[in-house]
Amino acid sequence: MSGSTIGKLFKVTTWGESHGAAVGAVIDGCPVGLSLNEADIQKFLDRRKPGQNEFTTLRNEDDKVQILSGVFDGVTTGTPISLLVYNKDHHSADYSNIANCYRPGHADYTYDEKYGFRDYRGGGRSSGRETIGRVAAGAIAIKILEQLGISFCAYTRSIGEHVIDYDNFDKTEIYKNDLYMPDKTCAEICSAYLKDIISDSDSIGSSVECIISGMPTGVGEPVFDKLDALLAKAVMSIGAVKAVEIGDGVSVTTKRGSDNNDNFIINNDKVEKETNHSGGILGGISDGSDIILRASFKPTPSIYKEQKTITNNKEETTLSIKGRHDPIIAPRAVVVVESMCAITILDLILQNATSTVDKIKKIYS
Amino acid sequence: MSGSTIGKLFKVTTWGESHGAAVGAVIDGCPVGLSLNEADIQKFLDRRKPGQNEFTTLRNEDDKVQILSGVFDGVTTGTPISLLVYNKDHHSADYSNIANCYRPGHADYTYDEKYGFRDYRGGGRSSGRETIGRVAAGAIAIKILEQLGISFCAYTRSIGEHVIDYDNFDKTEIYKNDLYMPDKTCAEICSAYLKDIISDSDSIGSSVECIISGMPTGVGEPVFDKLDALLAKAVMSIGAVKAVEIGDGVSVTTKRGSDNNDNFIINNDKVEKETNHSGGILGGISDGSDIILRASFKPTPSIYKEQKTITNNKEETTLSIKGRHDPIIAPRAVVVVESMCAITILDLILQNATSTVDKIKKIYS
Amino acid sequence: MSGSTIGKLFKVTTWGESHGAAVGAVIDGCPVGLSLNEADIQKFLDRRKPGQNEFTTLRNEDDKVQILSGVFDGVTTGTPISLLVYNKDHHSADYSNIANCYRPGHADYTYDEKYGFRDYRGGGRSSGRETIGRVAAGAIAIKILEQLGISFCAYTRSIGEHVIDYDNFDKTEIYKNDLYMPDKTCAEICSAYLKDIISDSDSIGSSVECIISGMPTGVGEPVFDKLDALLAKAVMSIGAVKAVEIGDGVSVTTKRGSDNNDNFIINNDKVEKETNHSGGILGGISDGSDIILRASFKPTPSIYKEQKTITNNKEETTLSIKGRHDPIIAPRAVVVVESMCAITILDLILQNATSTVDKIKKIYS
Amino acid sequence: MSGSTIGKLFKVTTWGESHGAAVGAVIDGCPVGLSLNEADIQKFLDRRKPGQNEFTTLRNEDDKVQILSGVFDGVTTGTPISLLVYNKDHHSADYSNIANCYRPGHADYTYDEKYGFRDYRGGGRSSGRETIGRVAAGAIAIKILEQLGISFCAYTRSIGEHVIDYDNFDKTEIYKNDLYMPDKTCAEICSAYLKDIISDSDSIGSSVECIISGMPTGVGEPVFDKLDALLAKAVMSIGAVKAVEIGDGVSVTTKRGSDNNDNFIINNDKVEKETNHSGGILGGISDGSDIILRASFKPTPSIYKEQKTITNNKEETTLSIKGRHDPIIAPRAVVVVESMCAITILDLILQNATSTVDKIKKIYS
């Protein structure tokens, strides 16, 4: 019953419900000496903020983060960093119909079954607002990883059948369109497509891809805490994710070994692989090439369309969910995927720092 | 550097290298009062044993398990269960060429980078033999879960482009063919197909599916230890897995909410879902319907075909891997996937047992 | 670097510095269905509040706790409970001399050595204010344990050479005197004695005892997570504790087996022990009799008397610590010891709930 | 129910019962590149071996350790180290009377209460033989710590009322007498004293002290994983320990702050303390001076003298325990205390290695 903490050395605990007083996170194990202020975190939170364009919920939140501990004179001190975002817009809604029935595709039923009781206001803990704590922690992890030369590039890869064209890939485009797509043309097509979906009172599936560059080799702990295993856990723990793929992912099932193996070569005196089907991970350990991860998001379960469901008295009923919902999950989830990858990788980088007697001697000499 | 343990309450630690003296596992936290003997475990180990048919390596191992602790008078005592399998066939091979070069698609390079050193005999810890400990622990977990009415059905779902036809699905067929496929026709096609692959000195990708029936509702711990998140970790930690899907998996990315949501209905006074796109998990918590999980396995990286690679002195070379290798991974991995799912589910079932004050009072009254 | 979390199932994370914006705790894994409001917690916090009598620091804090999550309609929901207390009186002090030198008996030097940097204001994280989070969490644990019939009685056992007379033991007296002593006469003697200590610009050692009644048998996990081992950890983690004793403690070193063994007898058809030298724990598992634990507190290191010390530039200097300090630690630490015991016991009670197959079946039937 | 693992990065799991097939340990997280063979471990195991002199049980065991994994070409590989010792002398005894009654001072009753069932042969898991795994793991930890300049000196400090005279302290004497005392005269007195105890069919309490020299500063993780807190847990988890003291321990309760504070001075340009009342730990973090820890052991509960007790049918009876028992616990426990301290310190040293951004950059540059 205590699953709100992730990480072994860089330990992130999130707390807070959609319609409670606040949401937040405590980060324990952040290395000392990192320059950190609210703005460093805010810019990440702003990427997941609601109400920023026509494809996101209208919920009125400014999501201003406060650092309550762990930072002194603008620098991390090694003590837990407590981050808090007050929920502004949590009194407005009328939840009378949701309180008594189970929305299809949501966690209403399972929470009630697990606990016999639930905070029915806006999904409670299973709300997307829980990801605020993840993103705040991710912002800190990313800032540390940048100092080690590691960088993250996450984006919406597909919306419905519309997949980005890698020949049009433009990293700078990601932050220019509302859909966080690195392909301007695809973003425009999807924008029109989404308007149709909305007008049809429906929602649509999507996917997010994350590429991590500058990885040192050797990160990941055999056999259960492999880099890919922990990335899979971290990303699958995001609401609505139904699949996690590393490198070539599902497509490896139809490939031959001679095609799928990445040959090692020497290029400018450095070890490289001719291809990167493995997505930067071999035997659960980073091989120095880009890490490539994909997450498949189901369509937003909240739709206007009338659906069949049951009440918590176990009677059949129908339900049409009012209010404005995001018709797709991917765009606002891009920064969440990025954050979960960063939290995972930093934790494993810290663990790997003591892998050999020589490394330990280096620190303590 | 300590990633060989999985689980919080049902805690499994595996140990042992492919060509060391033995491999084994310690299971700590097994509930007391389970009737258990070597045969209970052996029947699971026999499903992954090498050399049983023309599609598996010829390594000569009988893989007889010994229980060294934790069982008294045929019943578990609550103390750690230590399981051991001696490696019989670990002196024969000649590893001189593998010792000095990095096999493409294997963990040779990453282990050397991580540790500056590796046990090069047969893959060491990254060998498939490490899964013996997983399967032995899984056998125990499954035996406990059976008493709660939970059952597992895992099988090879696809080999290359050949996917089972669900209309031909026959559970009893799984153990009748060498490929552990529930579709006799597909198994025959794949059998012929694999001979071609072998004669072509190559290997091919494959997938495994696992269906878990009889799940109680309420299992899984929000937010990071969700049932799907921990299943993803457990299954992705198996060597060669490149994707984990829950329910409809990757295909949700192109689906509409109105199609993907599973409507709740009442059937014979019981809550059911009309469909099971969610794969039995909502909000990271079991919803009582079947859990459906799929793992994508890359083609066996060891192939006869000559490949380009480098030596550990960073010089380019070519390599053709001798000996008999499995041309596909799925069949022998079926029981491993099943085991990892069982270990994960039992651990979460134990955690869920104390989710409410009422449950705790029930135990302590 | 992540040591701010304690517990496996009932998981408590504290955060906050003495002179930061706030201090707090996140409790993850609190069972669902506990009636809980701020007042339940406040009454425990008030027991450790400063400035309540002549023997405590004058720091002006009202220490009002806020519940930010995890409680809905006055009942715990199973999600993390976030508790926060703002620091009111954190701007007043002048820390210029402490900033640059190491107070003897304090953690100034070790923090600087560990991190190369520290929050020098009032001890930062090593301040007694950190215990607010512990006590807030303890209040919740105690409220749950009460429902299982478990009760706590903690008090100041000794101040300097003055030890309570167990013949005068009066539980109701504990909350009547400023020193939380269960012996009125001893409290009066100590009160006069402390005035002498204060007028001598000095401080004095003390001890706290905690008796836990109504324990079920069987609590505690062999071999490293024994009940006494985890109690020792929890209590030794309180600042200034230099010894933890269970039952007869240090005095067992001079006793004979025939005196120290507690004989089992049958009394009114129930198993009892004739004596309780073991302090309620045998083999690390509760035996059903009262748990008895003692903590030895060193004298408050902050004293007015001039002391020799060094600056952080490694130059010798002298230091006289201004301001009003508690001359003894025990009275305000009584509730902290009680809280740490409660947190530990609840966590082990949850773990023990799944110790047998039969118990698990009972929950899932 | 899974308390057989200790440590976060250097993770030790012990398994095995007194009269099962074998006992052992798995060490996960041992840094790579440590030269290690069976003899390194055997010399530590030999210090706790039974039957070596007139004061220990006659159980006939040679306790030969086997390394089954984790070492290749005489060097640790970073994979789990599996250690095994077969129980030779486990068939001989007749346990019929112990099986049905509860020995006072033993864990028979509490195991039965916890599990409803127990392995009654020789104490099962609560036997002293369980410490074989601890000592084997400790031997490895000590070998690594030696390379960082950290050394351990543990010994019997007292037997009954007879305490060593520190003026006679001779480190080389420890291994010369059967009682592991650093004071020859005291050892001789105790030797005669113990013969009296034995002839009186009784046992006597004792204490062990451990001094750890060469500690780097900065080791220990605030606030719950303080160095002293984790040492207390580790040592209190040893059977028969009833108190753990750090530095001046219980005696601080009667001391004044001006006496108990250790003043900092500069000696030869290095920071030192004039005294070491703190026992080398301030705020839970090592201060660079010697760590001093004391453990109080109760008298051996197994005595020849007839004792009152009950059967497992809850009927009163009497019991006289046959066979040869150690009349004191300390001598054979010296190496166990040393081992538990080493395991704890190594784990915290690994954690501390990543405490600052600068240290992490040093590793990854």
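Chains here go by letter, A, B, C and D, matching the order in which they are written, and residues are numbered from 1 within each.
Following the convention adopted for this analysis, a contact is a pair of C-beta atoms (placed from the backbone, for glycine too) under 8 Å apart; a residue touches a chain by one contact, two chains touch by 3 or more.
Remember, it's a predicted structure, so these values are computed and weren't measured experimentally.
Ranked by how far their CA centres sit from the centre of chain A, the chains are topped by D. C-beta contact counts were set side by side for A-D and A-C; A-C has more.
Centre-to-centre separation of chain A and chain B, using mean CA positions: 26 Å.
Chain geometry summary: the mean Cα position of chain A and that of chain D are 45 Å apart. Centre-to-centre separation between chain A and chain C, using Cα means, comes to 38 Å. Of all residues in chain D, those that touch two or more other chains are 1-5, 8-9, 14, 31-33, 78-79, 114-116, 125, 222, 350-351, 354-356, 358. Residues 1-6, 14, 102, 104-107, 109-111, 113-116, 125-126, 130, 158, 160-161, 197, 202-207, 217-226, 228-237, 239, 241-250, 252-258, 260-266, 269, 271, 274, 277-279, 282-288, 296-303, 305, 307-310, 314-316, 351-352, 354-356, 358 of chain D touch chain C in their complex. Contact residues on chain D toward chain B in their complex (touch as defined above): 1-5, 7-11, 13-17, 20-24, 26, 28-33, 66, 68-70, 72, 75, 77-82, 84, 114-119, 121, 124-125, 350. Within the complex, the chain C residues that touch chain B are 8-9, 31-34, 78-79, 144, 147-148, 216, 222, 349-351, 353-364.
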